[in-house]
Amino acid sequence: MNQKQLKLLLQMVAERKISIDDAVLKFKKAPFEDLFFARPDHHRALRQGIPEVIYGAGKTSGQIIKITQSILENGENNILITRLDSENARIITQTLPLKYFETAKIGIIGDIPSPNGKGKILIATGGTTDIPAAEEAAVTAEFFGNEVQRLYDVGVAGIHRLFASLDDIMSANVIIAVAGMEGALASVIGGIANCPVIALPTSIGYGASFGGIAALLSMLNSCASGVGVVNIDNGFGAGFLASKINHLGGS
Amino acid sequence: MNQKQLKLLLQMVAERKISIDDAVLKFKKAPFEDLFFARPDHHRALRQGIPEVIYGAGKTSGQIIKITQSILENGENNILITRLDSENARIITQTLPLKYFETAKIGIIGDIPSPNGKGKILIATGGTTDIPAAEEAAVTAEFFGNEVQRLYDVGVAGIHRLFASLDDIMSANVIIAVAGMEGALASVIGGIANCPVIALPTSIGYGASFGGIAALLSMLNSCASGVGVVNIDNGFGAGFLASKINHLGGS
Amino acid sequence: MNQKQLKLLLQMVAERKISIDDAVLKFKKAPFEDLFFARPDHHRALRQGIPEVIYGAGKTSGQIIKITQSILENGENNILITRLDSENARIITQTLPLKYFETAKIGIIGDIPSPNGKGKILIATGGTTDIPAAEEAAVTAEFFGNEVQRLYDVGVAGIHRLFASLDDIMSANVIIAVAGMEGALASVIGGIANCPVIALPTSIGYGASFGGIAALLSMLNSCASGVGVVNIDNGFGAGFLASKINHLGGS
Amino acid sequence: MNQKQLKLLLQMVAERKISIDDAVLKFKKAPFEDLFFARPDHHRALRQGIPEVIYGAGKTSGQIIKITQSILENGENNILITRLDSENARIITQTLPLKYFETAKIGIIGDIPSPNGKGKILIATGGTTDIPAAEEAAVTAEFFGNEVQRLYDVGVAGIHRLFASLDDIMSANVIIAVAGMEGALASVIGGIANCPVIALPTSIGYGASFGGIAALLSMLNSCASGVGVVNIDNGFGAGFLASKINHLGGS
Amino acid sequence: MNQKQLKLLLQMVAERKISIDDAVLKFKKAPFEDLFFARPDHHRALRQGIPEVIYGAGKTSGQIIKITQSILENGENNILITRLDSENARIITQTLPLKYFETAKIGIIGDIPSPNGKGKILIATGGTTDIPAAEEAAVTAEFFGNEVQRLYDVGVAGIHRLFASLDDIMSANVIIAVAGMEGALASVIGGIANCPVIALPTSIGYGASFGGIAALLSMLNSCASGVGVVNIDNGFGAGFLASKINHLGGS
Amino acid sequence: MNQKQLKLLLQMVAERKISIDDAVLKFKKAPFEDLFFARPDHHRALRQGIPEVIYGAGKTSGQIIKITQSILENGENNILITRLDSENARIITQTLPLKYFETAKIGIIGDIPSPNGKGKILIATGGTTDIPAAEEAAVTAEFFGNEVQRLYDVGVAGIHRLFASLDDIMSANVIIAVAGMEGALASVIGGIANCPVIALPTSIGYGASFGGIAALLSMLNSCASGVGVVNIDNGFGAGFLASKINHLGGS
Amino acid sequence: MNQKQLKLLLQMVAERKISIDDAVLKFKKAPFEDLFFARPDHHRALRQGIPEVIYGAGKTSGQIIKITQSILENGENNILITRLDSENARIITQTLPLKYFETAKIGIIGDIPSPNGKGKILIATGGTTDIPAAEEAAVTAEFFGNEVQRLYDVGVAGIHRLFASLDDIMSANVIIAVAGMEGALASVIGGIANCPVIALPTSIGYGASFGGIAALLSMLNSCASGVGVVNIDNGFGAGFLASKINHLGGS
Amino acid sequence: MNQKQLKLLLQMVAERKISIDDAVLKFKKAPFEDLFFARPDHHRALRQGIPEVIYGAGKTSGQIIKITQSILENGENNILITRLDSENARIITQTLPLKYFETAKIGIIGDIPSPNGKGKILIATGGTTDIPAAEEAAVTAEFFGNEVQRLYDVGVAGIHRLFASLDDIMSANVIIAVAGMEGALASVIGGIANCPVIALPTSIGYGASFGGIAALLSMLNSCASGVGVVNIDNGFGAGFLASKINHLGGS
């Protein structure tokens, strides 16, 4: 309930157009409705139709279809479904106009918008096996209106490949450094780049990589400043945070 | 060696104003100077005098004075010294014009500039014991030219205090959520705010908080999207990353 | 052997109705029978038929049927079988009058009694994926005679949904807060509610959630007081403890 | 603002005794005051003066005195200060009427009330070294109006001592089982008692006890049902939760 | 090479019945042959045919048959095969006279000897799910010539069942306490029994039992003295160590 | 109450020499006295005066003196005090006839008895820094009536020193293998010796030894069979278990 | 760009055979081309055709064939494919001349060269289950031109077998000690051998071996000096490092 | 007893210059002396006087002096004492001709020899705080006869400094990469250098660096091949292994 709505309601009370009991009822839920509408997501939702996100892991195709249809009925036209395996995607496609990104394991209803962020999001990976997590980040970022540049397989074992793309690193607005194993890529990029770097550890590796813990710890302890870390394999989180940063102050 | 300098040198070669052997000598160290000068920090350094940072932990006051003087001699006037204990600060002050921020354990040579970022950085803590880490972030952010708003002791145990500042949360450009113990503050703020949130876990707590691990894991697993995490008690890193984000595309 | 029985036996000895050797034999096992009968469970069992619990995980349908029949033969009519997968449930149903709760993975022989606790047990989950653990707690609590109110998918990422149910939180006698990922729900509810809160961490999450450890640590470190934690995914334990609390001093 | 106050205010608006603008002003801060007053703690506070709790660890005696005086000025007369070392206690006593419980490391301003809970809280420890954590729980429970019975040094290494107190275990309303090392006490008591058991792991032990982790894990995995666990050495949390349970439905 | 053999060899040198070079050759490998023959296992092997042990996990039925036949050819008639799954056992039985113990996952070639230890080995488990590990210990102990008494499902959740067997506990020569979850059984038995107790943690449990770590830590930290711990699920090791203890000084 | 006493009491009841009410009173506490006296320790205690053990860590000299005097008054003349630092030992000696073993950090009241075990306990250490833990085991074993042979600094880095004592290894009745760092000594000795081996990991080491965890894990995973492990630095436990094994069936 | 190339280019500038803008372009990428060509791998590549390595895990046979063909087209004739399962190997063989080493899970295109290292690489394993990791190391080392001697199943549980090969240990130039479980083999060999020892922990074991962590920690804490450790199961890394050491100063 | 000595002894037996009983006596201890002398260290010792190493941590100055004097009496003139604090060094210097290296915490008796290895050992650190561990490695390597080149503070946060020393990296025979925090230096150097790289993790860092674990894991998971890792802060081990590699095949 904003100030204008409040004044209106009090006016109605003063003019006895609404009973005091009904007004009390309206106030009772107001704090939480306030909270609800205060959320910019929803302001944006009202203005422009905000994309919805469904976490697909552990859901059946039937459940996903049901949730999706309920969202569509509420007037949201753009839906991102993460962690969607190809079999579920195949089934959903029979019912809904789903675009499926196999490597990213993402399904999309609606369109990927034209980029409207402030700059370019660069996504770099240490190896080819890190690409699925990187693609989850990339498609997420594109879905939220960002220009994405992919720079894959530039890990520190062959560091000359990374330096061959120095211009791209220097001209990015946000960088997502994706790496498993020892995760050194985030530190190296963090030591070169001047823009915010999001470190995305992946579960790639074996033995003492402990499913991504080695990369995660490495990234948290990066000697390069200006690095923020997301959860292991959390490509969506990295892409979404990058998009938030890239749209700051954006029209 | 930037492009202009390179062109100049080649011009001199073309015009035979410099011998080929002397030019070779000049190039010999160039690749790394190139790399060096390619770093935007240094572009900025050339334009406006970039602040230097010294990590004070484990250094004697004598060592810090020596490093500081060497930086000053190189023409840098603004220096930030982190993890500086009060005793070392007291000694350094006898030799150098140090401003000391006791709670933040930060010493500064030179001036804190007027804010020139895009918006406001909000720094919220769960409890009063998280304030030292928060202040390290706050003074760092101020030192790098940001307006900082402090919102301390608004942890989820008394969540109404957090909601009393909903306007501040909604109007921030970047938020740093500082919390120890279970670190839930980052998730709650991340669930409300629309701007990028940097989660700063602190080592506050006991027993199974394991010196900040509980808060760190909590923040990495935040169900709220758009949260990037820094190392435990890494106030400097949080402040520096927030500043980077807040200056993106800044004039 | 209670005091009355002891007196009776000594009387028989005094009256030489029983030989000393036979009396010795009766005493020999008495200490442990004492211990045995001293257990209130069994006092209750004598009065009202106490429900038995079978942990179904790792047992074949054959083994479960055999144990169940042995219990039924001992006169117990109400049996709760936890961690019972649907295939085993299907087979058991062919032999025994089993009611199966698919989501809770619980099978029940006998009836769910009318609630006879002191108040209402509220069970809240952070997300929809936490529902199986929540249902294990819910059906357990109902089986032990409690009124259960479900409040699902009210996690801190959309905290307004939680606050929309503030009345339910305030009127509960015991609350079970069920959450995976960062487990912040327990702290938020613990910070609002005035009744005892049982925190039930779930293994939902990925990466650095470590199969529920992040949520577990978060809950153990809750800055909100009055929170007791059970093992990861231990819905039965949470429901049983809630029931114990809800029946304290109950008639 | 409670419902009664709200009605009153609307009445005044309806009767034009207050201008709409002034009413708006009054509402502006209302949502959070609402939330604030909705918290039962504060309802209780209004009725009977609720005790305040200060976490003393890491605070100077000066800071504690200042916080305490501010609370006293707000009309709260009973204050519990936890983790208060004897030196700080000594200094505070010179300024404030502090009662100090050395073993519990608790200081109290005001009086310990007569017990007004439903039953007795039994606090059992495995060894004598667990007594400090147990006393923190005991004094906390007493401060919040509970009758506390202490049963110390009854660990499973000499299990006959525990059974010698079977009557006390059977007649308790809530039990706090305090143990370090392998923490088996909680399971043994949980296997005997019929009331809710709060397991309080302590950091007592060496080697692979890992500062209480062994006891904590042991308690979380207790094969006895109806056990809720609090953080390592969190005597306050155990005592507070026990008090909450013991006052449920209490007059 | 024992002293007698050495004298013999030197005699032959003195009597020039062997060349010095051949004698040198004989000495060259002597230290390790010494070591080899010094091993009592082999002394025993010479005297009585020592049982051989094959670790079956990760071996194909073909590999096991081949190893077994090679041992049989060397004159060993008694072979114990651990971690042998039922499918492999079925195949091996077609070729070799294998006795298979399904629960213990042990196969035996030859006979289980009459007990020849000093006393009885008691094997107690906390629950029925711990029985496989217990049976691996039991069959191993029987195979090495021990009388084994089984006492299953006497965990601390129903501690009266354990005390009902106090006589068995008191009369055992060695006890193996087998438990998963919180592993408290070892401490309780260790607190009662006067003989050596071997604690065998099992991987039974879920959540924070971490595949047996909780039980392992619990047992290592047992407040009861005289407890030695073996690896998680290492029934063979427990049975073998118990047998060693039970045969000390045995004829 | 043993069987003889029970018969006597029943006889008195049968002969009406005692009233039934008085008999009831006598029985009331009997179950636990039974349990108490059923413990062989106490049977032994009645026969021969059993040594008592005090864990000295974290106790003041005053507390230790008080406990000791209380034990002495109960007629126990032999007391072992572990983890006793030299300063406390110095103070206690002024009041009580304490013998202090500096390296073992053990104090003894009374006499070390002549060895009455079945054989010799060999205690081997990997390095000289493991000696304190070894001495705690050695003095404990001696105090409980065992012949102890020390074999120090025979770690696998200089494995020839270990083999130089092959005879001692072969003739021991029980061996305690004491090692920090990688703890390989237990495996090597376990691979040679035929008697039970108790592995005692020490906290000696640095970096990834994690205060003894590396040695502990190494010992638990020993490829040599017949090894039981005690807690890190638990010399007392190792010595006590070795003594139990060495006295099995002893006269 | 080497000095000669630089002089040539400057000459061309001086002689105006190339425009300054074109020269600038050539310089722009020079630093990284420099870095690229400075890598000895590539110098060697130019001279003799360096073997390429493909990490086969998680790649389809189709992907591997494509990468392999692309390498072959670039003129590299020798390719090592690690972590290649037998099914993928079978498919690839239909297209490419692959030699498959089943135990090592390695496929090779091209020939294994004659050994050209300085000495012999000895590879020792603790058990037969460690052989796959050992073979990965062995085939890798052979592929890079080393003579490899295999010494399998010489673990410390039967240490006499290891000593029977003392000559081989003494004459090796590099030793790879491969062991799971407690990993003591590395320490024992490190204590005997005088050459560099590479410790290769394997994931063999169960319970508290934690998938190789016990062996890894054991090896890192080896009391024997001169031991370098690689990741768990990283046979390729061990073989490659051994080859590097064995080729030092090699022609 | 070497082969020559053995032949001599047998000759004497054959020639009856020694009785068989006396020869038996001589042989009795021979097996282990054999083993002893088979160790190449000791062959070297016979030829050239091998340096001895004392681990100084946890030893008093008195103990160190005593051990040192005993070694000197045995004819060894060169002794390296690691982990020697400055106070102990000061005291020892009063008795023995000790040279003390403060940063390395190493004391040396005797002379540092002229380098006699095959090449140069390069020691690189990520930061200035890693220098103590690096110096322990450097002085150790120098003490064992190696030319050492120091390259400090070239961490990846300022990677241009590392590349400025590309020539040194390319010309080293062995490289020790010393780094704390995220330890990325080892991967970057491993990706550039062609010689063996020893990774030495340090305990430098805070928060989630966990005393060097982050760096250790990072190094074990290095995507660069040919990297062997030593324990955290184990400068001696790194220096000693580097020396072994650098002396392979050395004259």
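For clarity, chains are labelled A, B, C, D, E, F, G and H in written order, and residue numbers in each chain start from 1.
By our rule, a contact is a pair of C-beta atoms (placed from the backbone, for glycine too) under 8 Å apart; a residue touches a chain by one contact, two chains touch by 3 or more.
Computed from a predicted model, the values in this text were never measured in an experiment.
**Student:** According to the touch definition, list the chains common to the neighbour sets of subunit G and subunit H.
**Tutor:** Joint contacts, listed by label: A, B, E, F.
**Student:** Rounded to the nearest 5 degrees, how far is subunit B rotated relative to subunit E when their C-alpha atoms are superposed?
**Tutor:** 180
**Student:** Go through D-E and A-C and name the pair with more C-beta contacts between its chains.
**Tutor:** Here the pair linked by more C-beta pairs in contact is D-E.
**Student:** I want to confirm something about subunit A and subunit G. Since they are copies of the same sequence, is their interface symmetric in residue numbering (over half shared, so same) or not (under half, so different)?
**Tutor:** different
**Student:** How many Å are there between the centre of subunit B and the centre of subunit F, using C-alpha atoms for each centre?
**Tutor:** 56
**Student:** Could you please state the distance in Å, as a whole number, between where the Cα atoms of subunit E are centred and where those of subunit F are centred?
**Tutor:** A distance of 25 Å separates the two centres.
**Student:** Distance between subunit E and subunit G based on Cα centroids, please, to the nearest Å.
**Tutor:** About 39 Å, centre to centre.
**Student:** Any idea how many Å lie between the Cα centroids of subunit C and subunit H?
**Tutor:** Their C-alpha centroids are separated by 60 Å.
**Student:** Residues touching two or more other chains, restricted to subunit F: which are they?
**Tutor:** 31-32, 35, 39, 159, 163, 192, 207-209, 213, 216, 220-221, 225, 231-232
**Student:** Any two chains that touch count here, so list every such pair.
**Tutor:** The set of touching chain pairs is A-B, A-C, A-D, A-G, A-H, B-C, B-D, B-G, B-H, C-D, C-E, C-F, D-E, D-F, E-F, E-G, E-H, F-G, F-H, G-H.
**Student:** Applying the document's contact rule, which stretches of subunit H touch subunit E when the two form their complex?
**Tutor:** Per the touch definition, subunit H meets subunit E at residues 3, 6-7, 10-11, 13-14, 16, 20, 23-24, 27-28, 30-32, 34-35.
**Student:** Report the residues of subunit A in contact with subunit C in the complex, numbered from low to high.
**Tutor:** 29, 31-32, 35-36, 39, 55, 57-58, 201, 203, 211-213, 216, 231-234
**Student:** Touching subunit H in the complex: which residues of subunit G?
**Tutor:** Going through subunit G, the ones touching subunit H are 35, 38-41, 44, 53, 118-119, 163, 166, 170, 173-174, 192, 194-196, 198, 216, 220-221, 225-232, 236-237, 240-241, 244-245, 248-249.
**Student:** Report the residues of subunit B in contact with subunit C in the complex, numbered from low to high.
**Tutor:** On the subunit B side, the touching residues are 126-127, 155-159, 181-184, 187-188, 190-192, 205, 207-210, 213-215, 217-225.
**Student:** Tell me, which parts of subunit D touch subunit F in their complex?
**Tutor:** Per the touch definition, subunit D meets subunit F at residues 129, 159-160, 163-164, 166, 206-209.
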